[in-house]
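One chain, subunit A, appears in both complexes that follow, with subunit B as partner in the first and subunit C in the second.
Our next item is the complex of A and B:
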């Protein structure tokens, strides 16, 4: 069942003010409808305009094929998966995580971590996708949510994920993940991990100022 | 999150193991039991779907199939 986790401030780039937003655990029909009616047509249209993976990365549309509705319905029946949404009117961001991940970094090899399977901000919030992105900080809020889940699960904030090329610089440079390089089992994707020390400092930074 | 309470009776041996595992993993006993439940569901679902789950010994590459009865 959908559960309100937190109320947060989301920076509106247009008004240059903060709007009230909510973070929810477990997606519901509202999120499915927003994805189908609002996200999907924009993603499909933009994806049809580009032809190569490089162009898709440059247009910030490499996730156009992600089936959020199908994935969220499967996740609802699994103890090891959770879905999250950021809402500010419409659904502004979505995340799917797996609680059965294990660390690869030497410092946390074999230790339990939260593996972020999918994370996306709404198409209208993306630089290079629209001329004037609407909200800033959705990715930051979702990663902070994943860290909180990791702490609540006894994993001390540890996270792991594979990043699409379009998002690598954010995870590496801004969020502070360790880039462990190309993963042969995930074609073309780098594997990243967040240690509990970096997770602590991530949570201390002010949301919105980082994206 | 909706939570329900249950009392779990463990033998000394089981409790000792739970204490050791929790200490080794840096987790509370509750977190460890929850994690065990998630992993158990993940493994049994894969087996029920017809997948095989193996444990591989790195030194010899010998694989042992995991069976859940």
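Our next item is the complex of A and C:
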């Protein structure tokens, strides 16, 4: 059942002020409707305009094939998968995580972690997608939520994920994830991991500081 | 679940971040190959046991023990009738960190007429775990006493649990 976790601040690029947004655990029909009615047409239209993976990356439309509704429904029936949504009026961001991930880094090899399977912000929040993106900070909220889940699950903030190319520098440089390089089993994407220590530093990070 | 960050933290970092929000997940058609370090294979990693799998195996041990007691069998007798190794059977009943071999699960499924798909999940032999099954198993195991005999009430609970496994396997 959908659960409101908390209200958070989301930066409105238009008004240059912070709007109140809600973070929910588990998606419901409202999120499915928003995805089908609002996200999907924008993604499909943009996807039709690009022809190569490089163009798709450049247009920030690499997630056009993600079936959020199908995946969320499967996740609701499975133990060990959770979905999250950020709402501010419409659904601004979505995340699917797996609680059965295991560390690959030597420092945490074999230890439980939260694996972020999918994480996306709404198309209208993407700078390369629209001329004037609406909100900024959805990704921060969702990654910090994943770390929170990891802490509450007893995994001490440990995370793992495969990054889309355009986000690699954020995970590596801003959030302090360890880039474990190209993963041949995942279409050449980079695999990243966050350790307990860096997760702790990330949540205490001062603005602009390097981890 | 609690969020372990504050709005102050969020505001400061969002304001200082000049870039795009991060995303994660599989790309459309792969990304252009570049010469970079490849991730080490994980085949030889011995992963830690997830708590859910341990709980399911505890449930499996309780179920096998109760079914055996219900039928008035010793471990040795059940091993002989189900054509499985006695020591493996003991480990299934008592060691939640033991991964039962597929053949043992198959033989127990046949002998007790409990769906293989349910026992396989309880043995931790599948990646996906049915949330409904998990909840039922944990509840069943938590309400079972580890005694050598079954009361009529325990027998009823056991029969109901097995019936639930059968129904779930058909769903």
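Just so we're on the same page, the second predicted complex is superposed on the first by the 204 of 211 C-alpha atoms of A that agree within 3 Å, B and C clash if a C-alpha of one lies under 4 Å from a C-alpha of the other, contacts with A are read in each partner's own complex, and residues count from 1 in each chain.
We take it that a contact is a pair of C-beta atoms (placed from the backbone, for glycine too) under 8 Å apart; a residue touches a chain by one contact, two chains touch by 3 or more.
In this text, all values refer to a predicted model and were calculated from it rather than measured experimentally.
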In the superposed arrangement, does A:176 touch subunit B (first), subunit C (second), both or neither?
neither
Mind working out whether A:189 is in touch with subunit B, subunit C, both or neither, as first, second, both or neither?
second
Per the contact definition in the header, classify A:78: touching subunit B only (first), subunit C only (second), both, or neither.
both
Quick one: classify A:156 as touching subunit B (first), subunit C (second), both or neither.
first
May I ask you to decide whether A:100 touches subunit B, subunit C, both, or neither, giving the answer as first, second, both or neither?
both
Tell me the contact category for A:140 with respect to subunit B and subunit C: first, second, both or neither.
second
Is A:125 touching the first partner subunit B, the second partner subunit C, both, or neither of them?
second
Which chain makes contact with more of the residues of subunit A, subunit B or else subunit C?
C
Give me the intersection of subunit A's contacts with subunit B and its contacts with subunit C, in residue numbers.
3, 25, 78-80, 99-100, 111-112, 154
Considering only the defined contacts, which subunit C positions touch subunit A in the complex?
1-5, 7, 9-17, 19-34, 36-40, 42, 45-48, 50-52, 127-132, 134
Can you list the subunit B residues touching subunit A in their complex?
1-2, 25-28, 31-32, 34-35, 37-39, 41-42, 45
Within their complex, state which residues of subunit A touch subunit C.
3, 5-6, 8-9, 11, 18, 23, 25, 47, 52-54, 56-57, 60-66, 76-80, 93, 99-100, 102, 104, 109-112, 116-121, 125-128, 136-141, 143-145, 147-149, 151-152, 154, 161-167, 169-171, 174-175, 180-184, 186-191, 203-208
Inside the complex, what are the residues of subunit A that reach subunit B?
1, 3, 25, 78-80, 99-100, 111-112, 153-156
